[in-house]
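The structures come next, written out as structure tokens.
Two complexes, one shared chain (chain A), two partners (chain B, chain C).
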Partner chain A sequence: MVPEPQALTLPAGGASLPAGAPSAGVRPTMRRRISLYGMTFALPLLIWQILFFFFPLVFLVALSFWTVRNFAMQPDFDTVNWATMYGRTVFWQAYGTTLALAAAASVLTSLLAFPAAYAIAFKLSDSARRWAIFLMVIPFFTSYLVRVYSWQIFLSDNGIINVILGWVGLGPFPMLNTVLATMIGYLTLSFPLVVLLQLFSLAFIDRTLIEAAHNLRCGRVRTVFEVVIPSARTGLVIAALFAFILSFGDFVSPIYLGGGDPTTLSILITDTTKSGQQWPRAAVIALTMIGTLMVVAFAAVKFAYKGKST
Partner chain B sequence: MTKTEVIAKGLTRRALLASGAAALATPMLSRRAFAAPTELTMLAWYGHAEPDIVAEFEAENNVKFVPKYYTGGDNMLGLISQSPPGTFDVILSDAEYVQALNAAGYVEELDPADYALDEYFPEFQQFPGNWQDGKLFSLVTRFGFLGVAYNTDALTEAEAATYNVFWAEKLKGKVGHFDWHLPNLGQMSLLNGNPAPYDIDETAWEAVKEKTMSLRPQIGGFFDYGGTFSSLNDGQMLAFCGIGDWITGVLEKNGAKVRTVIPEEGGLQWSECFSIGKGSQKADLAKKWIQYITSAKGQAKSAQMAAYPALIPNAKGWEVLQAENPDEARRQGMTKDAGNVMDMIRAGRIKYREWPIQQDLETWNDFWSEYKGA
Partner chain C sequence: MTRDTLVSFEGVVKRFGAFVAVQKLDFEIKKGEFLAIMGSSGCGKTTTLRMLAGLEAPTEGVIRLAGKPINDLPTWCRDTPMVWQSLALFPFLNVRENVEFALKMRGVGKAERRRRAEHWLERMQIAEFAERNISQLSGGQRQRVALARSLVVEPEILLLDEPLSALDAALKVRMQSVLKNLQRETGITFVYVTHSQSEAFSMADRVVIMSRGKIEQIGTPQEIYRTPRTRFVADFLGSSNLFTGTVRKAGAGLELDSPVGRLRLAGGAEAGTSATITVLDTKTHLSVAPPAGNVNAVPVRVIGEEFVGATATVYLETAQGQEIRVQKGHDELADLPLGIGQPLFAWWMPEDAHLVAEG
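The block that comes next holds the complex of A and B.
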């Protein structure tokens, strides 16, 4: 017997402030002194960030100024790697391609995920909602690489989809090793996560706003666009941002579903390291990717919280 | 006679002492069986330290190989340069990287008298790159040819007998590249009629670039090792540039309708060589391994490696292979019949894959990236 997934019951009437919470406009007095208790919770995060983000980032920056001689990296301070990479047309082509593909994946995933998240949030019973969430989590149980490889069986010229199309006299349509296949891979990677993030955002919408819209004779579609989406904006934007981040850095889908064509930045990184051990130049590409993601993330967060007090 | 009586009568003091001595001596007699195997580290392409190749040597010498597999020659050099001396006892290297290993002092000098070089075909006894200033630093152990790999349902052998087939209208979007500039651009250079495909001047290099760029609309993808296998196996790609029997041979043996043919413009030769890592603490054992794998018996085993088959330079190894697996010997062209692989080499149809001589490696690599992005 499969046990029914537990918890994750969402509020039916939207979020409400707990009893005793300070009313709007009244700021509680903040404790300025850092207590040992507080540090117990804050320190692991700080240590984690220093160890696994700050130090590697500093090393990556340093590495980008190193040089390579006889296939061995030499500590150095030379801007040649930056000048070389930024002076190459192929780098900017790959940059534009990657940016466009990630943006398209972000929009497409958000559009496809929204109806699913909306239905789960507003149309399903509590029990069905728990199952739906459980089903969205299941894909994470298997390796992304395995899931992408399995798509090859569906998308190849002799694959399952073309065989079925052949039964009705259609095709075969080339799908594998195309941008379409790359996009399917991106969806495989980010769709479940985007649905979940959108769902949590939709679930906390104050239902009284929706009821009020309906009472004021606002149609269902208009309610979605004028009440639901603006109310859930923060979560929807963050979900789209995650789709962008995951797609922007993904190597697996462009190479195994897209056939490495067109070249993305992640593919360019491997190309750069494959010949001549040019890890410093790969570091330049990686830092450019990190910088781009930071700009996009800050812009998205600013847009998500625009007009909201934090 | 009861059991108690047997024990009382049969187990004399002499018998008891003999049994005890035998029991005490057993570990001494079979010490090798109880001793922990000696670990021998091997830096190599995938497959070289797998049981089908090393199991017999491991059992005979109480050795356990600890492989470190790399994904390319540059990766190999990087791994060595970033490891302390003595990390790798045995190093397998593509021939074009052997000189770099020598130059960097990463390998020990070998004594030619230790190895069965006289069993090798003459062309491989003084193999380029293995020797430097009359000293031997590595030993070629297997090789293979790169040509036109094709789907036998889509193309006939006659059609595939020229690199021009890659431009065929029916192959549009169905030509794959093994994603490494050296074999692909070498084949384009051969197609352009360069007798030494990697030793070309600037004019010839520009022509190679132009020819390669004209192929771009035909290309369905750029694949790594796994992607090359799967795209050929499922018929997604119908012809492949930059590979040979080392991939199609594995697929063919498993029933896929793919083959490699050496086209009229000629083929390229890849070669793998074994060396002993500088500073190895187990150099004697490493030497023993190289002796084994370059012997007739080891060579026959190497030719049939499960990961990827190859040709072997040891003439007596051919004889062992013909006796053990005549079909495979015939399939790979390692027989005494006319037109065998040695005849192809002697006819000048095969050129070594090597680093570009008049351009630097980076120039070729940068062009390859531009080609992929075009």
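The block that comes next holds the complex of A and C.
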């Protein structure tokens, strides 16, 4: 008779405690330990982000409200910098130019990169694909600035391209200090990265989907548009986003290949800081750029994952 | 080739480098039949199906569809829709768009496309999920979408590559009857690749059994079950007892000297040659006393027993160590002592034994 009441009191006692108390005593500790373990490795990144991204950003916001008197900055809370910059046509022109150039670079890079990424993903043998990926990484070995300077050797009026064209009696065609040159610079910056990003999204496409499309009378070219691109959409959009971000903030190509005309926001920032120590106004431009990139990135990511349950 | 032949394989060989996936296939698929191609993995059954679909090109030989050679016809120019093992549904399209896909590729107009897709969505009982994403469907519902997507063009032939292997047992049985009814009602020729004997035998009109890139036997499920033609088939089906020996007396009333004794059967073979006979486990009987009359009897001991539903399988061993299985209803075994080690006689009628080819 003795074990019976004991057996009865146990569940009753358990019920008076918080539900699942015995197991709850073990699991959260373990979960806490796991999250602590993960945190230890994530912490340096967090500290880095707080120190070198969040604090400077806060400082930049504060700076945009400072004033400049006699070429010296003074802490202040004045909206005059915002009003001045947003009231200038030159600012909005530069904004429009930069947006248009970055959008064009993003589309152009994506279009030029796609056939390359497609060929590497679907047409090459495994070993050739490894070589192609390796070759795509090589451009990152050299500074972007050096690569842009070497384009000058090709594009200038007495550069390699015009000399060769001269042999067949053509040209010289002015290419340096044009939008075309700026665009070539943007391509130099983002093309290898876009190819790699596209390639990895194409490589993960389920090949049976392509076979299934062929089997349902979808020809080769049509399958690219009906199946390959929709399947790889997330990666393709993210790749285009990277091209946009890189081009939007780039200073090197528009100044050294485009000759500073038309003026982009990055050029406007340097001009503003040089003329009369107007760092607060430059902060307004920088913050506008950051805001624009955030909106574009958010919209792009939303579009990239549209219709996906996760 | 007869008039009711839809597909014929003529000396078809497929090699991947040095590996021979399929060697010398010669068989025909009749119009409107449900043909199952069965074998263990790597036997070449999927390669055979993929050649028919145009996803692989034969290395040698000719495949004809409705009399015309189709070797060089790419898959998008054939009407040989296939249902994949993974189903290969398009995750970026909803159910309706998946079903409409093949019609869209043929340039069928929007209204007509919708009407025809609707018909198949209803027929496959998935109309209520038409606007859903594929990821929101259960395994069985996905199966139905895959079938609707392939059948919407009302093809002459449908290829299925182990489509039920991912489903649980109960759903598998339900989908089998869905498939069989669908095939009977539409009259579309089904070519069904599987490694499952129960799937092949319960649905197919004819079964092709393949091993190592070759056809071992083609026939109705009954023919194959009752008279397996080769040792491989008998082993693969696993429902027969096999005895190997030397033929002693040829012609009618053939005798075989095997390790378990002298066995008689009704077939014919040349004297002096080695031969194997098979006896179905359901045609093998048990008795305590040596059976009288013109039967083959082997003394055995009971080594185990297994119950599945209404039938029991008794495992026995001969003095030479060969295992023999006997399958019976419970009541047929009621009067027998079946304790482990119990000596019994396993016996069968000579006409229930069949000679099989070695291999």
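To be clear about the criterion, the second predicted complex is superposed on the first by the 275 of 310 C-alpha atoms of A that agree within 3 Å, B and C clash if a C-alpha of one lies under 4 Å from a C-alpha of the other, contacts with A are read in each partner's own complex, and residues count from 1 in each chain.
Criterion: a contact is a pair of C-beta atoms (placed from the backbone, for glycine too) under 8 Å apart; a residue touches a chain by one contact, two chains touch by 3 or more.
Quick caveat: nothing in here was measured; it's all calculated off a predicted structure.
Asker: Under the superposition described at the top, does placing chain B and chain C together on chain A give a clash or a fit?
Answerer: Chain B and chain C fit side by side in the superposed model.
Asker: Tell me the contact category for A:Ser125 with respect to chain B and chain C: first, second, both or neither.
Answerer: Once the two structures are laid over each other on A, A:Ser125 reaches no partner at all.
Asker: For A:Val227, using the defined touch cut-off, is the partner it touches chain B, chain C, both, or neither? Pick first, second, both or neither.
Answerer: The answer is second: A:Val227 touches chain C but not chain B.
Asker: For A:Leu209 in the superposed arrangement: first (chain B), second (chain C), both or neither?
Answerer: In the superposed model, A:Leu209 contacts chain C only, not chain B.
Asker: Check whether A:Arg217 is in contact with chain B, with chain C, with both or with neither, and answer first, second, both or neither.
Answerer: Second partner only, chain C.
Asker: Going by the contact rule stated at the top, is it chain B or chain C that touches a larger number of residues on chain A?
Answerer: Larger number of chain A residues touched: B.
Asker: Quick one: is A:Gln152 in contact with chain B, with chain C, with both, or with neither? Answer first, second, both or neither.
Answerer: After superposing on A, A:Gln152 lies in contact with chain B but is clear of chain C.
Asker: Kindly classify A:Ser35 by the partners it touches after superposition: chain B alone (first), chain C alone (second), both, or neither?
Answerer: neither
Asker: For the superposed model, what is the least distance in angstrom between any CA atom of chain B and any CA atom of chain C?
Answerer: When the complexes share the chain A frame, the smallest chain B-chain C C-alpha distance is 45 Å.
Asker: Taking the stated contact definition, name every residue in chain A that is touched by chain B in one complex and by chain C in the other, in rising order.
Answerer: Of chain A, no residue contacts chain B in one complex and chain C in the other.
Asker: Inside the complex, what are the residues of chain B that reach chain A?
Answerer: 72, 74-75, 77-78, 81-82, 100, 103-104, 173, 176, 179-181, 219-224, 227, 230-231, 234-236, 361-362, 364-366, 368-370, 372-373
Asker: Which of the residues in chain A end up touching chain C in this complex?
Answerer: Contact set of chain A toward chain C: 206, 208-209, 211-220, 222, 226-227, 230-231, 233, 307, 309.
Asker: Across the complex, what residues on chain A touch chain B?
Answerer: It comes out as residues 70-73, 88-90, 93-94, 152, 156-159, 174, 176-177, 255-256, 258-263, 267-268, 271-277, 279.
Asker: For the complex, give me every residue of chain C touching chain A.
Answerer: The contact residues of chain C facing chain A are 53-55, 74-77, 80-82, 84, 86, 88, 90-93, 101-102, 105-106, 133, 135-136, 149-150, 153.
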